[in-house]
Amino acid sequence: MFTYKRKVQYHETDKMGITHHANYIKWMEEARVAFLDSIGLPFRKMEEGGILSPVVAVSVEYKTPSTFDDEIQVEVGVEKYNGVELSVRYLMKNTATGSVVATAASRHCFLKDGRICSLKRVAAPMHEILDRVARGTDTGETNG
Amino acid sequence: MFTYKRKVQYHETDKMGITHHANYIKWMEEARVAFLDSIGLPFRKMEEGGILSPVVAVSVEYKTPSTFDDEIQVEVGVEKYNGVELSVRYLMKNTATGSVVATAASRHCFLKDGRICSLKRVAAPMHEILDRVARGTDTGETNG
Amino acid sequence: MFTYKRKVQYHETDKMGITHHANYIKWMEEARVAFLDSIGLPFRKMEEGGILSPVVAVSVEYKTPSTFDDEIQVEVGVEKYNGVELSVRYLMKNTATGSVVATAASRHCFLKDGRICSLKRVAAPMHEILDRVARGTDTGETNG
Amino acid sequence: MFTYKRKVQYHETDKMGITHHANYIKWMEEARVAFLDSIGLPFRKMEEGGILSPVVAVSVEYKTPSTFDDEIQVEVGVEKYNGVELSVRYLMKNTATGSVVATAASRHCFLKDGRICSLKRVAAPMHEILDRVARGTDTGETNG
């Protein structure tokens, strides 16, 4: 499983003294981008190639609060991928305590020239990578 | 149904040219706070009374992109409330076009002295308001 | 003087219990956009016309903390404008107490096709509006 | 000079295609926190010891745009320190191109029990570290 690590920043806390819940959505994106890098599918390159990948849905279950200076590790993996839609799941832990901070999921589609497209058709090499990762024959670890 | 309106800010857009998806989580909070104000349950007062209400879960389905300067209206309502947990649902529309921008939901618990509590027991007057709103006999509109 | 009002949101506070200082930069942008709207120079239209206006510099002096649910009013005005660069100043007050929350300034240039340009040359009607406002013969109030 | 590195995240860009200018204020905080860690003065410990250090002023000059996936390095140093106020300066560069992205400065005071205090009086060991660093006999590099 690919793991992305980062510290909770002061600007990410709120007056409750804990990480504001909206930031976990940003961490998911950061972890997803790092994961895609790790499997040889940099998001920057994808966009330079004319493919956008907007978020279709997100969900987060908050398990334990985190706060300033905590190191969070986000384990990222492909839940499902069918050429047209990508589902990603996340497990976020507090590195120091090992406790689960949050579990989450996101769904993504692909756009070419502003229209929903099949990666399989418009970007076969990208499709093959994601397909291989989704089947579990490449976990990103070896590139991580 | 209580409706919260606000414009998409420039700082809420991303390089795809649309509202970054994490901001919808913030809009849900803004709409929820305004809704609680409207039913006579200001969040500020709740916190001053020693009750915190952290977010337990959120989910968003993104339907149509929005962008800078669009006016978004967020319809907020109580989905479920049982004294211990509050579920809120959201319908976000583009005011100008009427199209649904996103649908969303959030779940919240209540904390007193750092421990999960029943509002019914620790804050009966608050409980009664939420209970009445959840039963649909008070929609917030009359106070909005 | 044009005045932009907004409430401090929960997601804008930090663990010190006050508004995180980075948010004032966002409020400046929100107030600036509303001010430009008020003088008949909507930022959206400017961008649709191919003119970008990036921020060249910002500075903020924090005077009194603000926090969740406070209403902040931002008085915005043109400090200087010469066709090529625009300087804006801001006075932020707590509506309820009247105390000054922050004073701030920002500087902006104009880009056409990715290159710095003179508004006077590439967009004379916009230039005339800004020039008139900068000379104080139009304060935005009448359109506000 | 202590250097803090981080990549520009997708959620930090705006519809102009570049990093939104408010994020540089957040990077300054992240770099400052890492710098204080590096000189043996962790912010978390300071707050646990009852000392808060709010931001009194910030200023940024934006030199070259940065965007998603760029690695930014922030060089941080103490500009001035007199026991009561701390001035920090920042030089932000694009690691790949070496070009200066922004220069910036921030000023900070110290609070104990909600009142402005002299670190020299309320926290002599912290004072000594900052004083030594400000005099340039400790640059943070050796701990970085």
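We call the chains A, B, C and D, going by the order they appear; numbering starts again at 1 in every chain.
What we mean here is this: a contact is a pair of C-beta atoms (placed from the backbone, for glycine too) under 8 Å apart; a residue touches a chain by one contact, two chains touch by 3 or more.
Being a predicted model, the structure only gives us computed values, none of them experimental.
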item: Same vs different contact residues, subunit A with subunit C, by half of numbers used; value: same
item: Between the pairs B-C and A-B, the one where more C-beta pairs touch; value: A-B
item: Intercentroid distance (Cα basis), subunit C paired with subunit A, Å; value: 35
item: Where subunit B and subunit C are represented by their mean Cα positions, the distance between them in whole Å; value: 29
item: Subunit A-subunit B separation of Cα centroids, rounded to whole Å; value: 25
item: Per-residue multi-chain contacts in subunit B, two or more chains; value: 10-11, 15, 18, 22, 26, 29, 68
item: Subunit B-facing residues of subunit A, complex; value: 15-16, 18, 21-23, 25-26, 29, 47, 52, 54-62, 65
item: Subunit B contact footprint on subunit D (complex, rising order); value: 10-11, 13-15, 17-18, 20, 22, 67-68
item: Residues of subunit B touching subunit C in the complex; value: 9-11, 26, 29-30, 33, 42-44, 68-69
